[in-house]
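This structure is in structure tokens; I'll ask about it shortly.
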Amino acid sequence: MAIRVTVWNEYLHEVQFPEVAEVYPKGIHGCIADFLKDAGMDVRTATLREPEHGLTQEVLDSTDVLIWWGHMAHHEVADEIVDRVYQRVLNGMGLIVLHSGHASKIFQKLCGTNSGMLKWREDGEKEILWVVDPGHPIVQGLEEKIIIPHEEMYGEHFNIPQPDEQVFISWFEGGEVFRSGCCWHRGKGKVFYFRPGHEVFPIYHMPEIQKVITNAVKWAAPTNAPEIVYGNTQPVVELHAKLEHSIQGLHEQKDIDA
Amino acid sequence: MAIRVTVWNEYLHEVQFPEVAEVYPKGIHGCIADFLKDAGMDVRTATLREPEHGLTQEVLDSTDVLIWWGHMAHHEVADEIVDRVYQRVLNGMGLIVLHSGHASKIFQKLCGTNSGMLKWREDGEKEILWVVDPGHPIVQGLEEKIIIPHEEMYGEHFNIPQPDEQVFISWFEGGEVFRSGCCWHRGKGKVFYFRPGHEVFPIYHMPEIQKVITNAVKWAAPTNAPEIVYGNTQPVVELHAKLEHSIQGLHEQKDIDA
Amino acid sequence: MAIRVTVWNEYLHEVQFPEVAEVYPKGIHGCIADFLKDAGMDVRTATLREPEHGLTQEVLDSTDVLIWWGHMAHHEVADEIVDRVYQRVLNGMGLIVLHSGHASKIFQKLCGTNSGMLKWREDGEKEILWVVDPGHPIVQGLEEKIIIPHEEMYGEHFNIPQPDEQVFISWFEGGEVFRSGCCWHRGKGKVFYFRPGHEVFPIYHMPEIQKVITNAVKWAAPTNAPEIVYGNTQPVVELHAKLEHSIQGLHEQKDIDA
Amino acid sequence: MAIRVTVWNEYLHEVQFPEVAEVYPKGIHGCIADFLKDAGMDVRTATLREPEHGLTQEVLDSTDVLIWWGHMAHHEVADEIVDRVYQRVLNGMGLIVLHSGHASKIFQKLCGTNSGMLKWREDGEKEILWVVDPGHPIVQGLEEKIIIPHEEMYGEHFNIPQPDEQVFISWFEGGEVFRSGCCWHRGKGKVFYFRPGHEVFPIYHMPEIQKVITNAVKWAAPTNAPEIVYGNTQPVVELHAKLEHSIQGLHEQKDIDA
């Protein structure tokens, strides 16, 4: 069965700036949706200004992997929707956060840090992404590096938790480095942050970048995860000894009190 | 200079239940404060019902390591104070979360998961904590295991991100295991979660448990961390080529628009 | 294309002890090969007493994932063959090490520790494996725990490097815990250690155990990894300044001297 | 008590090449020993051509942290001495591997990979080391980056296991990046790899580099680690049921046979 992807885009730059619309006539989401469809995936899009930002419970429940692109309107994303996405990730939905999505509410919430903190510069300088984990499924079919002729720079320190799997590290012409491809597990879900992808530089038209995102969707797709029982549970094996006087009564009281 | 520790306690059980007050006549915070003072630390306490929960900006700014114990009133902790603690951790303050603090707002925020999710049972069964990283500073001076005769059980799955450093894993008589001693780095700060510590079982009177907490305070104490520059920065080395037409103007427009 | 698996077994117990032969009439390797074939894989077997232990360069070059079971004759495995397997793992072959394979030369070499060190006891006690990373591909289709009625105990401390991905933790009736399902990346290859699997207890006949091993084979199978260039390489971008007097001559001398 | 450090150096370049002797008149080991003594440590040195390479069991047993610099004669280091160092690390001795020590036998053995594999170039280009874990004890008292005007380049892919703690990432003028400061735990010991440090470029005279190495020695110094019991152990808690017929006899037979 095809992986069901929802590509979410803020979709403001493309509407407001002809320079951006020229690069992404169908929006960044449209561009990404196109190459994922070509890769055989079942793709929808959603954008900020739609009701519930296009991310109703129904949409999320039928999404295997959500792709997130936002830049200048992170604050407009409703906390309620952020919580909804967060719960779906913990329940198994994959999440791929692109470029300026590093400062989105959802990514910060999943990081547990203020991942909006980094260095940046828009001089269109060269970026080179180096593969540092060559056996990782996200880099299959690639070469050992990806060269992007003109990009916005992001530099360390990037305030993220150490990635569970570090896939790419970037070099920038002006002297900076950046952890550009980072994986984390969160609950039953998987999260991939991928740095490249400015609204003016035509990054998402590059075949190598498309390859990475396509691989990442496959990596992040949910598995048939075990059902987990949480809460007050009975012993799996019989207890040797139990305390003579249970403290249960005490806690019943507490519950009333709380 | 002595490490400055603030021990935070919800301090509700001790007030409401004689059974608890008997175990911790000065409150759980008082007990912990005492053994940390004996270890040469500069210790204060703070509790939920104080103004700002006793965690004013001034208190946090002069705290090296904060210890957190809460159980039945996590929801009473104001979001504003949670944010304040969060920022201090990212800026270098150590945080030690004990037992039922796993479900506190601050721990969930730093985890990036709903760490409140786990199995539990209050039958006073035996717990054995095994050291799995014997070279870790938090286990120095200990034996290879700590046996607690009667404890509340916490069982996997515990919904945390994989620890950066896994120090202890617990065994419970009823058949469960638990990742009981877990370290994470968050920004400039360090976080240690330590499972033992019920309000009725006299866990914090055990010398081995006191040793772990004392070691953890030393491990989590802030270092003289580098100053980090975030934001729009100049290149460290001269750029070979710059794009002919800067995209700066475009972004100035955007800022106005946003 | 089917994944090409080679199941390697010491194959001594089954030959020498009727009690073992009764449990595994085709050898442990035969049992494992059978269920992997049923899962659609292309499976061969190899054993210690074959020439080159059945692991010729040709066999390894056409193996996607190697499964390793050994117990009492680790010292009989030739260092040359160990090196051959090691190189293949670094070049992308998956390796699944089972049970007493923890003390094999190849596993120790890939760990970088003396992974032979652990506690053990053969009282046939109960083992419960708990899933601690429910989104991991290796646990798909399972329940949250696997109960093995009678097993040999392995207990911490297990002298391994902290796993890149911790999948299972075991509970044993006698009071021990164990990191029973552990993943590491090594070069382009992936390594999974899975604890269960004694020669007398019929572990590999259990459907859940078969499921884990089948999932692990899929996880460890090589990807189309990038070609990496190692050694003395030219700059990707032109150097601003080069030292006036190269130190190359110096090193040419050195090479002669060394 | 002062930390007892042994600085090990191949000590061949300094003897053979006046250009190197000029930079390090007392040898690289002499230079490092001097600044560690100034930091209050108890320092000895040892070199390749001494009997047992200066690393007798007695020397290692009284060493808290060993620093390793080698380049062109890794193959001359006796396997027996490598094993001796390896055992000491697993038993708690810290190890700091510098620069070309990445290809040493001892580092490869502790990595579990062929860590000798990387890109290199000796054009004396600029290197910038960026701190990516600002709360790590190894970076205390530093700035957010270290600029080295002329260095040998090392580039990814560097064939190491993902570090337990990633402290520095380097930028090189020619377009490469490198994981330049990496921590691992191995048994009771800690290992730090630090990239800078060529025999001709006067790296070890730089105060920032001296600061990193001094911090690393403190981080890697052994703690009072728990005694671990390995081998055949009795249950901690009484077993509910034991198999009727022990399989012990079977294994006694096996031992005779093996």
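Letters A, B, C and D name the chains as they come in the text, with residue numbers starting at 1 for each one.
As a convention for this text, a contact is a pair of C-beta atoms (placed from the backbone, for glycine too) under 8 Å apart; a residue touches a chain by one contact, two chains touch by 3 or more.
Heads up on the chains, UniProt names are A, B, C, D = ThuA domain-containing protein.
This is a predicted model, so every value here is computed, not measured.
Distance between Cα centroids is largest for the pairing of chain D with A.
Fitting chain C to chain D on Cα positions gives a rotation angle of 180°, stated in steps of 5. When the C-beta pairs in contact are tallied for B-C and for A-B, the bigger tally goes to A-B.
One finds 26 Å separating the Cα centroids of chain A and chain B.
Centroids built from CA atoms put chain C at 36 Å from chain B. Counting partners per residue, chain B has 126, 128, 131, 133-134, 144, 155, 157, 162, 164-165, 173, 175-176, 185, 187, 228-229, 236-237, 240 as the residues that reach two or more other chains.
Listed in rising order, the residues of chain C touching chain D in the complex are 12-13, 16-17, 19, 72-73, 90, 109-114, 117-126, 150, 155, 157, 159, 161-162, 164, 173-176, 184-187, 200, 228-237, 239-243, 246-248, 250-251, 253-255, 257-258. Every residue of chain A that touches chain D in the complex is listed here, in rising order: 128, 130-134, 144, 155-158, 162, 165-166, 169-172, 175-177, 179, 237-238, 240.
The touching residues of chain D, when paired with chain B in their complex, are 92, 126, 128, 131, 133-137, 139-145, 147, 164-165, 173, 185, 187-190, 222-229, 236-237.
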